[in-house]
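One chain, chain A, appears in both complexes that follow, with chain B as partner in the first and chain C in the second.
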Partner chain A sequence: MLDLDVVTLSRLQFALTALYHFLFVPLTLGLSLLLAIMESVYVMTGRTIWRDMVKFWGTLFGINFAMGVATGITMEFQFGTNWAYYSHYVGDIFGAPLAIEGLMAFFLEATFVGLFFFGWNRLSRTGHLAVTWLVALGSNFSALWILVANSWMQNPVGAHFNPQTMRMELSSFTEVLFNPVAQSKFVHTVSAGYVTGSVFVMAIGAYYMLRGRHREIARRSLTVAASFGLASALSVVVLGDESGYTAGFSQKMKIAAIEAMWETEPAPADFTLFGIPDTKTETTSHEVKLPWLLGLIATRSLDKPVPGIKPLVAVAEQRIRNGIDAYKWLAATGDKPPAEVPEALEGSMHDLGYTLLLKRIRPDVENATEAQMHDAALSTIPDVPVLFWSFRIMVALGFYFIALFSAAFYLACRRRCGKPWFLTLVLLSLPLPWIAAELGWIVAEYGRQPWIIDGIMPTFLGVSNVPAGNVLFSLAGFVLFYSTLAVIDLFLIVKYVRLGPKSGPDGKATGLFPAPAQ
Partner chain B sequence: MPIDYGTLRLIWWLLLGVLLIGFAIMDGFDLGAAMLHPFVPRNEKERRILLNTIGPVWEGNQIWFVLGGGAAFAAWPPLYATSFSGFYLAMFLVLCGFILRPVALTFRSKVEAANWRQGWDRAFFLSGLVPSLIFGVAFGNLFLGVPFHFDHELRLTYEGGLLGLLNPFALLCGLVSVAMLTMQGASYLALKSEGELSARAGRFGTWAAAALLVLFTLAGLWVAFGIEGYVLQSAPDPAGPSNPLLKSVGRQAGAWLENYHRQSWNLTAPVLAYAGVIAAALALRFKAPLIAFIGSSLSVAGVIATAGLSLFPFLLPSSSQPGHSLTVWDASSSQLTLFIMLGATLVFLPIVLAYTSWVFAVMRGTVTESTIEREADTLY
Partner chain C sequence: MPRLGHEIGAALIFKAVALAILYWAFFGPSRHVEVTPTNMAAFLFGNGPSPSPVEPNRPR
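Moving on to the complex of A and B:
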């Protein structure tokens, strides 16, 4: 039975609103760039059919963009409303990328998206083209800064604890910005967005080809999407690999859980393609392994071992014990906290986050028993079966996209669109990038549990001190509100796909809205 | 670090005010137009004209709000955390308003049925009214203080609820906010439309300005004579750590006017508020909408500045534990973060202002019936 406490409800609400927001973000990322590419072709060749394509895909983009913005404001609010102690504890570091995201990215995309829709008749061809590129640039900048922020949650570099303010504070902005996790995550995530945009365009293009409608627009759309999609699919898989490598340094437990690797394998570790993890016996049965592959991905070597879950639990238990001294010292600082942690306690301070895991078991952590410390150490294991399968399905989809785009690209090069069975396959692939993207976020965020900031703050400590009833109310509100909007959004997208692009001698294509009743 | 901590905090207090004023001026006319949507336009054509005056610019305008929230998080994390979680249900209502607006605008004209449009029109109206009202209510509560305290680890406990926020003074401030943003929306609509619609918008704007004048004065008198303000007794070191527990605070009748007594140049804020509202009312009456819009914007700036200068250095006073109140001197981010954020702002804000101006220039001129007919396929 689901325990309806503040922590569970807040986590559920954040997960649902974030997954929901990420239904719209990848399409914005991919489609904005595809629009810029199509409009570039228009300006370079002067062929109005490309402008008609921009206007048609732009209508769908507009519907999606509005939902992305609306659901994004929810996310910005939610750190403050539901994770107030987290916001206080790490806001000094975490708030900055979010604010810069506003300054550099949101203003850019939101300001120019207005001109994208309303400025066709007021701007020159190159002027409007520049506007479209700026919208694409803005949305990509946005991804950069939010991922810098999220990467800091996964690998909290460049920060230190200040006993006088009882929070983490920034030591080095460059370390935060150039966090290796951020770099790989950014390219991986925007590539996933590009794949989503490409599959979206290809699927709808395939639909038109199957129906024998709008052939010229469909053919060109398929060509652009296939090429862009192939490059993106390769990028997303390569950068996924890169993410695995950086996580091998910073989040060993996450890697071990994704692999359902209970014991440390002798180097080079095998990659488990298939298996049935059992959390009770802490084993994985029916394993099908690919030799050496995990060692290569996680360590890029043949001789470094990849630690298993059980040895990592033992390390966690040590760290929990080690952090108690720092905890006791902090609790005793009273009204006049000192400016710095004493040098002798710096090592213990480094493990304070682990000691805080005990807070779930007892408030006076300094009196924890050995058994309780062992329990707290066990809580560092995330949900192994969910991670194991989410990761594998996501990767399988990634390779599927490479195959799909390769075939489509080959056909496009041969100026063919493919047989009906292939076009149907393309159409049926429409939901797949969304499934892959959401599974990816589940791996990233559910895999980081029990931490909200890895090694520094457990998730359960970061929640706001609000009545559970309030969170239940807002959660119910979001579920109702968002479900209704999703239905309407889908209805409108389908309606405009069915209507199709308009193009005629006077170039009057489908814009944002149908003409008003005269 | 070239700038000392106290100065950085002062600068960031000013910047927070600038962002708040920027939001009220820029997104204020979008919210105001939404509130006027059921009343000023008399037919479907005029409704579409209104929607298309804000159509090209409202998404950019909204980012002033997003940035304000982001800046609060980055520069004043305890304020962001305390106000957003403390005002939980109120923030949820504001959020619903902000979610309704983009969907109402985008979805409204996409289906030809009349009841579809009416439904979204109602949603659009609420998307303007609810945030406008709640912002005023929230601001009003800053003068009264709200009940919260911190423990030794600076963990927050907020002791109040939604009903506590809806007290008479705060509701009055909510009405001030609604009047102010309606005036702003009406001035903008008068400027960007023509003929009957523009004239009607002007009349509504004059009434809103008159209402603002009366309500603002009432609120001011109430603050002066009816509210016990907060005063620092042992002030925190302006360059000290951000720990609200290290000071003591008392309450005193008329304390909220202290800053005006001490530094009379602060009076430029209320003077600006009054001068602007009178200029807006007169300019609308005499059909000079550009002057009206400028006057209205100056008035908006003046009203918000009046409140901010009065509260300084308090950001969020605590009514249950005054000593735990959040002030400019003990609720900020670290010196390094404030410095880096200042650098980022100094680089990007001018760029933002430049391209925003360019967009307004490209979209200059009025929206008329013939615009709607000519460009029907690209408009709201």
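Moving on to the complex of A and C:
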């Protein structure tokens, strides 16, 4: 018997490992590109202060990279043990981008990271600059392939069901790679990483300026980070909007839940800026709406309505009913599955995933009652209050970053970014990009529930029936492991920020970097 | 080697050991659940005991 505790524990374990992993990733993404920009300035101008900046920020990058590397591998551990049914069912598609990430992107990044740290005295200026850009490219490539994999979970294109192997199989790699969800998600996510790196650099620069230390490095760092951060923050918001649009056609229930939109919003659909969703009464009180905005985000029009939760539940119920023929056929084939799905059942096959929602209610789903089908349809509603507030806090932070970077850019251009109130505000903003990024993943993943692959496989059917005690202990192990890494990361970063950049003709090494050749 | 190199080296050793222990304890080959087309079919389309029911998201 599949124990619900195993389902909840497995989900919690994966969620925690993913959220912990994403504490390290955005800073790697952002800092790698900032390093490349700063070193480009060094090579173009020849001014050694820019080289010292690269070495200092490179030290912090190295600490975060070393702590973060391989923190993602624990998720791959879980695929084989805790999510075995999921791995079999969709591994033919899901596994490919993960494998490419490991073999191509990660090795590219890891190889050139070594050259970045130890190649200063061995490579020419332009050679080392190329290495730094390749490190940035590698980290972004890693993000691309991981997000291609995750985007397929949100919008499963380019695949078909094979009844002989009882799994989804790849029909078109091009469709998977150019999944519209992947395109917007990739740029949105890496931009969020760039924002994180920019806020990090600005906050530490602000710290030095408030302390009256390393002013020249701090001022230049602030200026670069403000410029890069502003472009990145604008990109995050624009591509976040694009993600909303793609979700508007591929994940309508997610949009409805994010909006706490119980009924269909007539055209031109308004956006709920604020409200208090009530899942018991299925209403949202104290609504403050922005006219037309949801229509523009979700449909790019002013004449299309946006479906609400209740109508989408009715659609889900119909799809549950529609998939039963395919379910019966697959159940009847037994040990002799045919090579392909009969043409007459192709429509029903399309809704098989919805019928599988009934498995949580009764094993013989073909005998489900109308009430049970309705219950299964209701399970397609994700957690509305969590999504509603996570999304709004994330978006509010996104606009805050635009304002913060705009102010920083303006003040930097006027050479007036030494104002204590502004520097204090920047310093206090340090944790905010991480909060925004984690909330973004909560919206993406929690909003996809009850699906592990949207419309194809419910989450509870992806979980292996391992003893709940095993999952509990491994979960505890992961929490301990990741917490220790986070503490070490924080300790080392604080230590080397306090030590500050080291430079000068005395030949002393800066952080991770060897002394210049004699 | 700079001091930070030693610190990071120690952290990496800790990480490698911790990951190895976690893998050996909870995720090694002996703990993998073997899934074949046959047992996948039985799991999805068989009439085995149903998963524990979940309360639907509807007003009481």
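Here, the second predicted complex is superposed on the first by the 503 of 518 C-alpha atoms of A that agree within 3 Å, B and C clash if a C-alpha of one lies under 4 Å from a C-alpha of the other, contacts with A are read in each partner's own complex, and residues count from 1 in each chain.
Definition applied: contacts are C-beta pairs under 8 Å (C-beta built on N, C-alpha and C of every residue); 3 or more make two chains touch, one makes a residue touch a chain.
Computed from a predicted model, the values in this text were never measured in an experiment.
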Combined model on chain A: chain C and chain B, fit or clash: clash
Partner chain(s) touched by A:A84 [first = chain B, second = chain C, both, neither]: both
Partner chain(s) touched by A:T284 [first = chain B, second = chain C, both, neither]: neither
Partner chain in contact with A:R360 - chain B first, chain C second, else both or neither: second
Which of chain B and chain C A:S10 touches, first, second, both or neither: neither
Contacts of A:L378 with chain B and chain C, given as first, second, both or neither: second
Contacts of A:I100 with chain B and chain C, given as first, second, both or neither: first
Chain B versus chain C as contact partner of A:S139, first or second or both or neither: neither
First (chain B), second (chain C), both or neither touched by A:A66: both
Which superposed partner A:Q183 touches (first chain B, second chain C, both, neither): neither
153-161, 171-179 or 351-359: stretch of chain B that collides with chain C: 153-161
Chain A positions touched by chain B in one structure and by chain C in the second: 62-63, 66-67, 70, 73-74, 77, 80-81, 84-85, 87-88, 164-167, 331, 334-335, 337, 464-466, 470, 473-474, 477, 481, 485, 488, 492, 496, 509, 511-514
Residues on chain B engaged by chain A in the complex (per definition of touch): 44-45, 48, 52, 55-60, 62-63, 66-67, 69-71, 73-75, 77-78, 80-85, 88-89, 91-92, 95-96, 98-99, 101-103, 105-107, 109-112, 152-158, 241-243, 245-246, 333-334, 336-337, 340-341, 344-345, 348-349, 352, 355-356, 359, 362-363, 372, 374-380
List of chain C residues in touch with chain A within their complex: 2, 4-5, 7-8, 11-12, 14-15, 18-19, 21-23, 25-27, 31-38, 40-41, 43-54, 56-60
Sites on chain A touched by chain B in the complex: 62-63, 66-67, 69-71, 73-74, 76-77, 79-82, 84-85, 87-88, 91-96, 98-104, 106-108, 110-115, 117-123, 162, 164-167, 169-171, 173, 331, 334-335, 337, 339, 464-466, 470, 473-474, 477, 481, 485, 488, 492, 495-496, 508-517
Residues of chain A that touch chain C when the two form their complex: 1-4, 7, 59, 62-63, 66-67, 70, 73-74, 77-78, 80-81, 84-85, 87-89, 164-167, 279-282, 327, 330-331, 333-335, 337, 356, 359-364, 375, 378-379, 381, 384, 460-461, 464-466, 470, 473-474, 477-478, 481, 484-485, 488, 492, 496, 509, 511-514
